[in-house]
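A single structure is presented below for examination.
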Amino acid sequence: MLDIQNIQLAFGGVKALSGVSVSADTGKITAVIGPNGAGKTSLFNVISGFYKPQKGRVTLDGEDISSLKPHQRAYRGMARTFQNIALFHGMTVTDNIKLGAHTHLKSGILSAGLLLPITRREEADLEKEAAEVIELLELDKVRNDQVEDLAYGLQKRVELARALVMRPKILLLDEPVAGMNREEKSEMSRFVLRVKEDLNTTVLLIEHDMSMVMGISDAIVVLSFGEPIASGTPDEVRNNPEVIKAYLGSVDETTKSAA
Amino acid sequence: MSSTVDNSVMTTTKASPLTANRLWLLIFIVALAAMPLMLPGYWIFFAGLLGINIIATHGLNIMMGYTGLLSLGHAAFVGVGAYTVAILQGRYGMPFWVTIPAAGILATVIGIAFGLPSLRIRGLYLVIATLAAQFILHFVFVNWESVTNGDVGLSVAPAVVFGIALNDETSIYYLILFFVVVSTIFARNVIHSRVGRAFIAIRERDLTAQVIGVEIVWYKLLAFGLGSFYAGIAGALLAYFNRFVNPEQFGLLLSVFFLSAVIVGGMGSILGAILGAAFVTLLPEFLRETSLLIGSSLGFDLATILTPLRETIFGLIMVAFLILEPRGLAQLWTRTRRKLLRERA
Amino acid sequence: MSPMQLFIEYSIVGIAAGGIYALIALGIIVIFKASHTFNFAMGEMMMLSAYFFYAATVTFTLGPVVGMIVAMAGSILVALVIERVAIRPMLGRPFIAIVMVTFGIGSIIRGVVGMVWGPNEMNIPAILSRSPVMLGDIFVPGKTARAFAIAVVIVVGLIAYLRFSRAGVALRAAAESAVTAYSMGINVRNVVAFSWIIAAITGCISGVLMANVNTLTPHLGMIALNVLSVVILGGMASIGGVLVAGFIIGWLEAITGLFLPSEFREITPYVLVLIILLVKPTGLFGGKEVERI
């Protein structure tokens, strides 16, 4: 589905990524892990189109999207959440979620302003779609609350919901459980799995939290200082000596420190 | 996923409150339409002025309140609309149904011409560009004498609608009322649509807006263009209302006036734009009345301090609201209503 | 006189006039450095100072030196009140809101001055000699030349002060990052208040000079919006660059006067601003803004 080949990215001589390749297979959950400063977020910003790499290609569903702007990538079916919650304050949960459907709607300023039938129909459909996603992620109780009033874990879930309304081909999750307590983490894992199973969405996530990654991923890529050092199934990665070395000890230890 | 559809539709359709709202709106509009029958002409004059200010404030609110594009030159775009009417009608005798849309379109074109270079980038540059628009356009009004007649200005014949010349405050009031209703509904519809949501996304976090597929520059342009269009329409009505256009009307003071209207009303609220425009239109008049009373009893000529008095008041309420109640009267209104509802419950 | 000579003469006069603008620019950049606030009320602070000077010297018939001290004290007081009452509560709010607050303050000051002193032109006692200064064969109007000299002395003095004093170090630390400054034991609040004092001083001096070169009206401060615009385009990065912006405006105004009717002078800086935005939309010296994602 999403293919990232040999990305090289440097900021004024400082290498952030050197030769990173990741591919996210259709209907699977792929995780990129690595210690802080390994270049995970840089990689995500390359994939979303905020950073232009010096070298390398990003292909989505067979199409080279390397030169596309972020919003064009959204139109190609790429959705993303942010590590620091990026919801729109002063709006309700439902309105925030509706924002995600931008790429599916067509209303321009005139048809919207005059409330032409096309806009009415679109808004009615959107209402339905938002309701579906709200149900899927169990946000019914808070649907009319202001997002800033919600607990942290719920806000993250709203962000996920907004990404899902885009009906993405590929869903990028930037540290989906960062800063969460144990209960929130297991809930989020459950929802990510549900997204994969119910919607058959391809997921690429970066995460610090080992237990979450090991628990839900189908494939894992490990980065260290901007370079890929291992990839494979959770079991393969867990037993890879390089990975153990990069994490200064055993995987168990990192799990503890990340938690 | 399809299995969930049926349930969710049920929960989202809430037909009854909507119709109740519509009913209230209708009653309100009828009341507005009946107003000239009940109130003295002096009041209708202010109602007309207020209507024009509401339209212009909607425009600035779309730009600034919803999309986060601060404009210090809104008055100049209102001026473009007013001059368009004065010139098209005075020179070429064009009817109102040509001049008013033309005023809106020309204001949009000129607004975009000033805004486009800086809309591509973030931050303060648009503020400067609009400030430049304010001074440059005002300069053009004053100095392009062959067209604008300089400081003297141009007189405007009454608009003729269905054969009726709108030459008093009551008849022009109905024309203004029509535009107020249409522009308010249009603004409301836009805000509650894909376009309006994109505006808000840009205001809040423009990186995130890109990720959900919003083309930032395009939507900024739309917001800026629409805001300028509203300014142009307001200017056109102002020309027919005052029957006279001169540069003095469109100075920096008027831009401050619209800024304070948006801020006082509550940035990013349609109701707020209306409340804010009402507040800043009526407050100086109220103060003038009271100060004239006090002034005449003291044997003091207050006419000379009227303009600086306004300047002070607009500035003061702008600063006070920004510090104390940044979401404006609309927020106060919501809060009061919520409290009332709670007490009733 | 040959066209070239004329051009040079106008240029020199213009750059001389730019001295005052550089002083205004300094007031703007100091506040920006301390608190990332764009002070759209700089011009009105300057104009108000000139009226203070007028009140002290004309209404209360004090001498120019005492008058200057009174005006300075009044300006600093006003600046501190603005900072305390209107700017400090806005800490952490979006920059657009802070811009609007300063813009609103400008409007208040214009209005109050208009109410107290009226809209008409006024003259303050001449503190600058009219006798022209000759640079070779080039004739520079006396007031402009002397105002330039004073402005340059003040600018240089203030820059030296900011460079070497403890307060200056604190200011630079705060400009770097408020957090760093805190960790160095610097009271950032005091630094911000201090920056408003500096702005009041530059505003007071530039206001009195300006009112001497021209006449005094409530619109004296409008020029500061020109300066601010050009300064923002200059990138707000270095104090030196900002001073250059001041001189550029002075020069441009003079050169415009050479080729176009004098009314055009008031809009040339804005035309320049638009041209720069078209040609180099990231500002004159500025790089691309990078935001944390």
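When the chains are written out, they are named A, B and C in that same order, and each has its own residue count from 1.
The criterion applied here is as follows: a residue touches a chain if its C-beta (ideal position, glycine included) is under 8 Å from a C-beta of that chain, and two chains touch if they have at least 3 such contacts.
If you're wondering where the values come from, they're calculated on a predicted model, not measured in any experiment.
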Distance-to-centre winner among chains (Cα means, whole assembly as reference): B
Most distant chain from chain B, judged by the mean position of its C-alpha atoms: A
Inter-centroid spacing, chain B versus chain A (mean Cα positions, whole Å): 41
Centre-to-centre distance between chain C and chain A (centres being mean Cα positions), rounded to whole Å: 48
Geometric centre distance via CA averages, chain C-chain B, whole Å: 33
Residues within chain C bordering two or more other chains: 293
Shared-contact residues (touching 2 or more other chains) in chain B: 207
Multi-partner residues of chain A (each touching 2 or more other chains): 50, 82
Chain C to chain B touching residues, read off their complex: 38, 86, 89-90, 93-97, 99-101, 103-115, 118-119, 218, 225, 228-229, 232-233, 263-264, 266-267, 270-271, 273-274, 277-278, 281-283, 289, 291, 293
For the chain A and chain B complex, residues of the former touching the latter: 48-50, 69-71, 74-75, 79-80, 82, 86, 88-91, 95, 98-103, 105-109, 112-115, 119, 122-123, 127-128, 131-132, 134-136, 140, 162, 166, 198-199
Residue numbers on chain B that touch chain C, as the complex places them: 64, 68, 70, 72, 114, 117-118, 120-125, 127-129, 131-132, 135-136, 139, 142-143, 207, 253, 256, 259-260, 263, 304-305, 307-316, 318-319, 322-323, 326
Chain A contact footprint on chain B (complex, rising order): 1, 4-5, 7-9, 11-12, 186-187, 189-190, 192-198, 200-201, 204-205, 207-208, 210-216, 222, 226, 268
